[in-house]
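Letters are used for the chains, namely A, B, C and D, taken in the order the chains are written, and counting of residues starts over at 1 for each.
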Amino acid sequence: MPRRRDEMVPDAEFRSYYGQPVLKPPIWHEPHMPAYLYLGGLSGAAGAMAAAARLTGRDRLELAARMAAFAGASAGTVFLVAELGRPMRFLNMLRVFKLTSPMSVGSWTLAAHSGLTGVAAGSAVTGLLPLAGDAATLASGLTGVAMATYTAVLLADTAVPAWHEGMRELPFLFSGSALASAGAALMLTTPRALAGPARAAAAAGAMAEVVAGGLMERRLGLVGEPYREGRAGRLMRASRALTLGGGLLATVAGRSRTLTALSGLAITAGALCTRFGVLEAGRASAKDPRYTVVPQRDRLDAGQPASVPGR
Amino acid sequence: MGAGWLSRWPVIRQLKGEDGRGQAARSARTDALRPRVEGADTVARSVCPYCAVGCGQLVYVKDGRVTQIEGDPGSPISRGRLCPKGSASKQLVTHPGRQTTVLYRRPHGTEWEPLDLETAMDMIADRVVRTRRETWQQTHEGQEVRRTLGIAGLGGATLDNEENYLMKKLYTALGAIQVENQARI
Amino acid sequence: MAECHPVGYQWVMEARARGAKVFHIDPRFSRTSATVDRYLAIRAGTDIVLLGALINYVLSNGLDFREYVLAYTNAATLVNRDFRDTEDLDGLFSGFDEETGRYDPSTWAYEGDVPGEEEPVEGGERHAEAAGSDSYGARGAGASATPPSDPTLTDPRCVYQILKRHYSRYTPEMVEELCGIPPELFLELAEAVTANSGRERTTAWVYSVGWTQHSVGVQYIRAAAILQLLLGNMGRPGGGIMALRGHASIQGSTDIPTLFNLLPGYIAMPHAHRHDSLDHYLEQEGADTGWWGNRRAYVVSLLKAWWGDAATEANDYCFDYLPRLTGDHGHYATVMGQIDGTVKGYFVVGENPAVGSANGKAQRLGLANLDWLVVRDLMLVETATFWKDAPEIETGELRTEEIGTEVFFLPAASHVEKEGTFTNTQRLLQWREKALDPPGDCRSDLWFYYHLGKRIRQRLGDDDIDRPARELTWDYPEIGAQRDPDAAAVLREINGTAADGRLLASLRELKPDGSTSCGCWIYCGVYADGVNMAARRTPHTEQGPVALEWGWAWPANRRILYNRASADPQGRPWSERKKYVYWDGAKWTGPDVPDFEEDKAPDYRPPEGAKAEHALAGTDPFIMQSDGRGWLYVPSGLSDGPLPTHYEPHESPVRNALYGQQANPARRTVDRPENPYNPALSPRFPYVYTTSRLTEHHTTGAMSRPLPYLAELQPEAFCEVSREMAEELGLENGAWATIVTARTAIELRVLVTGRVRPLRLNGRTVHQVVMPYHWGYSSGGVITGDIVNDLLPIVLDPNVYIQESKAGTCDVLPGRRPRGSALLDLIERYRDG
Amino acid sequence: MAERMGFFTDTTVCIGCKACEVACKEWNDVPDDGFVFRATSYDNTGALGASTWRHVAFVEQDGRWLMSSDVCKHCTHAACLDVCPTGALFRTEFDTVVVQADVCNGCGYCVPACPYGVIDRREDDGRAWKCTLCYDRLRGGMEPACAKACPTKSIQFGPLDELRQRAEERVERLHAEGTTEARLYGADPDNGVGGTGAFFLLLDEPETYGLPPDPVVTTRDLPAMWRWAGGAALALAAGVAVCFAGRKP
């Protein structure tokens, strides 16, 4: 039987069934799923920033943030529904509430967040119910933080080695990226003079994203390989360059419209590349049985088989 | 809809203490699920048509359609078990590609043509009678043979004994001797 | 067996679980090989060497079950002093005529028998008539019930000594050289088989078409029979030689034969040159002793069933109505008749010769030369569509517009849409209930033949030619809107009735005087007392392991044939462990129906001049034989010798190391341009091929290829080759290979596997190619593929005219085959040299 | 709840006939899975999936040919069930895990969640499918179609406790007969999925048959994941706060 020898990782000799995957790779489509991950993050961080702007009295920034949060949640929902095999049944997402299912938690969070950002944006546009609008904005700050991070759990809570093993860094990667995305979006939609916090967020988020990504790849070792190889590797490298560049530019973007545009677009592109790259890396890690078999075999060989304590 | 729908909403049932991964999640359709063979109108005791082991089959029919074929647990031969072919028997008798109408290809024709079953039977009978007359051998090398070498038959090892019996009887009465089947091949 | 009879194989697995040791001997490592104790890879076409060596092992080590052998076989019988063995004639028996390629069997007879009764046939030549070994218990004509014998087994002319000499050269070394089985594995097999036989234990052999489809096919089975008789494994529980048949009622279609040479119940079709009257026919065909001695009752009852009141003693019970044979009218002869234009009309019913028969091109050329063709099947099989999609259309050998064949395709009813009986591989008749009406124009074959018969009878004239059809009994009750004839009424006719219309209960009631009628004497009793015994369904949990109340086995519901042999000559069980049918002091008893007269005591000795069963002693278990003995040596009835002898397949890459005679001298070849042969030992065709089946498919695929659930499991035609062969030829796993013989070339996917191993034959390497044959070109299936049987030559066993499918030679090329006329060019190049 | 029911698949008596695959499809109306010659021994199905709920693996090794009918494991801790957001997947009264086709909206989350790669979405239909352990038949007191068809009883169906005991006895017997490589897979209630409702007797390492050697239910680590995510959320909130802390222009 095929006893595959990987030349790059000589230690990873392992056995498999005709080299076929043990796992089913994620079936989520492109661009639906990565777009949702990006938009959800953007909307979430924008919600948090709207709340912060409200609390710090930055009205213009708050308006942009409210609109961005609502737009991100709405567009994200569209992508999410389109991703479903049976889109007409999207309401079934609210059939049960399950803490064991990040997607269930996420669905309820998205529902709340969409509603809150809708009220906030609606109020801002129409001027109606200003108090409710303000309250919704503040509340969307909370749901927004959840929105920006739960997607990391969504991916990590799978058997996909590159995701599951990345459970520590992925939330930072995603929240950083969300912050950068929202910062970039607000930077692009707010007069420069008023967009200082947005630029700061873009820069900080970008740094966090780059650092978290780097840490993850290093810690994961063999299982981190898919983030470095093939299409996922190219996407992740592009993401890092764009995010790093965009983040650095953000620190100086206040000086010109062009710099702002360059920074905002680079960060946005970087954030998108991150989502596409992570999705692709997950797919690649699930498709190659090495990433499934080798760590498990190592565990067994070390006399430390998996167990489920306390359940 | 209305209150009934609300009370069946799993979230409400979860709040009432039902398990969201078990009881609460069940749909009405799930609650009503039964094996479809329970609703069969008739069950025929049959035998698998593939190899010669002779596994017992139960054929379930509902509303004039075969709804399931599975092993007959009473059979001392098969004890209810079937191989992949036997297990595919329902598809054998119900698959959409099965040919269910008579087809006719005229001499030198390039396509099939439809033909009425009764007409086909008459045409075949005419041809048997004609060919038999045209190729009749009363004697061969001076011996009585009373036969035709103009008509031959091949088949079939998946036919019933009763069918083979009528075939052999008719062919022999007509003087057709080149009657063969899979057992030779 | 796991591969093609998986549900039957449960019993093998169960036996293994109880400690049975299971060997699998096959050129192909199949699913069976994977689940046995020991697999022996054998070169296709050499099983007689292996079986002969086992016989030699038994004889030279004195391991035969002597008491059984002496009492129940013809080991002691003396043979004609003019008999010459292959030992004397370098692979030929006495009586061979080089010119005709046939044997005169008269010197093979027992000492003192007068074999001169047969009349000259076919141009005045005396020879062993073919296609007859399955009738009349090997046609015991001339063999007497009590031939001279030597119970000490020392007379050089006794069967035992002849056997010993004949098999002396079948050694383990020869097994290694010809079969490719190493001596240590042979010894393991020999020790296991012999240690597991005797009073306390029995060994069973199971075979399938891997033994029959050879130019020496019948002798393969004979070789196993000799071994089993020597070891005392016949007629006993756990013993026997089990033919695993491949179709639901292929046994039934032999019992109630759609075979040219037989009438129902293995009664021979009359022959023009031998049988001018019923008396003459009965005199010629069979011995007067043993159960065939009652053949007048069987034949007259059959004639009464067919012609009713028209059959009278005065007109020989319409014996003259039976058409006469003049030679081989088998399938391949028929195909040649089609090509020659003598066969004008052809019914193909649940068969697919365009895919299933050897040399598919000859088959299709025959079909293309018919006036009319009727095909009845569940799907549009290749035999029905050849005129538009045969390979010969692609090569330009045939053109649709030029094919004058008128084709009728009539859709058939499936097994659940009609009622009737199948006879399975253990002779068990099982009645199927009808579940529903067939759809559309689909009808049962019973409907078709009954209504066709009615229509033909309406068109008959008054003359003598039409009389047999006119006077034929052809009235069956019609049932339902589709006017199906009543299958139960047909089964009752097969069962037979007394003069008063009472259904017969047993074949012993059959009378030679025309007072009984019976459509198939061995099936008499299936409707005993008006009860459809084949429909009985007492669950196995509610009866003993022999399960006599499930269906009905012929004859007389006996489940193990010749089971008198399960007791010793005195009627006592050979051992408590193997107790089965035994004499309790007044009658034979046991869990099975005794295959013996129930009240015939073990000490019964036949009076002088006794006939039929009365001529057999209480110690003669093989009641269909003229002497009641199991025949180690066959004095008459076979056309290629009284003892199995190894001959190489017609197409073989190996020289016969045993004799100067390379192939079966009596084999039938068809030397015509449509059927060219690969020369034996030809370097152009260095590889051995064998054909096979897969669990997922059924024969030519008509019942499996249209079914997505089966088609997806084995979607493409492929061949299995060894890693070594793949390396040598550059064959890639999953890619294509082209297989070439003198007939044609086909393309198959390649499965490179360690399961196929090159055979080492005396230092020489022989590669084997294994090819499942289920594919064809028809769009009726959801999957298609080239036809493996197109590669095969038509070369036949001389006894039963079965083709040699299981061993031949070929060449293998990597890649796909040429298209169109380029394919013909390729074959031309091979034929030229 | 009724007794926990399951499968014990004894691969030492599997003859690779694939009756289980076909019987399953016939009963459950599962469509064909494509007609692809895979050149992987006699396996042309490849793996379990949305339209293959029983899959027979064929492993060719030196001198032996292993066959094994794979199926959904019906885990004690089932990741697919845990992560399903709609409640389409649920645990039955037989302690089996079943998808409700009338509920599933095809979110696809269960697909990568399964550590065995069992469940999959049928793209033309949009829903996720897998073995139901013939839930409808069980409700009628019948055994699953595959187990009923299995000619050699390689697939055994019954109360899980009984099956586990039978399996252990079988392994002991095989070991005594010299088949020391025989081992159970999935029977241990302390493994990473809490033991499986469908377990196997194998003759080689699980990965040889395409099975994960030491699978773990992904939701085992979910609390940790939520903690890390919580940290990230706090960091995000803090980051936002820092960014907005500065002087207003």
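Assume a residue touches a chain if its C-beta (ideal position, glycine included) is under 8 Å from a C-beta of that chain, and two chains touch if they have at least 3 such contacts.
These numbers come from a predicted model, not from an experiment.
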Core chain by centroid distance, with centroids computed from Cα atoms only: B
Centre distance in Å when subunit A and subunit C are each reduced to the mean of their C-alpha atoms: 71
Mean-CA-position distance for subunit C and subunit B (Å): 26
Distance between chain centroids, defined by C-alpha means - subunit A, subunit B (Å): 56
Averaged-CA centre spacing for the pair subunit D and subunit B, given as whole angstrom: 35
Per-residue multi-chain contacts in subunit A, two or more chains: 95-96, 98, 100
Interface hub residues of subunit C, defined as touching at least two other chains: 6-7, 10, 695-696, 708-710, 713, 782
Residues of subunit B engaged with two or more neighbouring chains: 10, 20-21, 24-25, 69, 81-88, 91
All pairs of touching chains, each written as two labels joined by a dash: A-B, A-D, B-C, B-D, C-D
List of subunit A residues in touch with subunit D within their complex: 1, 14-18, 20-28, 45, 48-49, 52-53, 55-58, 83-87, 89-90, 92-93, 95-96, 98, 100-104, 106-107, 141, 145-146, 148-150, 152-154, 156-160, 163-164, 167-168, 170-172, 174-176, 178-179, 183, 193-194, 196-198, 200-201, 204-205, 208, 282, 286, 289, 292-293, 296-297, 299-300, 305-308, 311
Partner subunit D, residues of subunit C touching it in the complex: 2, 6-7, 9-10, 13, 17, 29, 31-35, 694-696, 708-716, 718, 733-734, 749-751, 753-755, 782-783
Subunit A-facing residues of subunit D, complex: 40, 46-47, 49, 57, 59-61, 77, 79, 82-88, 103-109, 111-123, 125-128, 190-194, 205, 207-222, 224-226, 228-237, 239-246, 248-249
Interface residues, subunit B side, partner subunit C - complex: 42, 44-56, 59, 61, 64-66, 69, 72-79, 81-89, 91-93, 95, 97-112, 115, 117, 120-129, 131, 133-136, 138, 140-141, 143-185
Touching residues (chain side subunit B, partner subunit D) in the complex: 10, 19-22, 24-27, 29-30, 33-38, 68-71, 80-88, 90-91
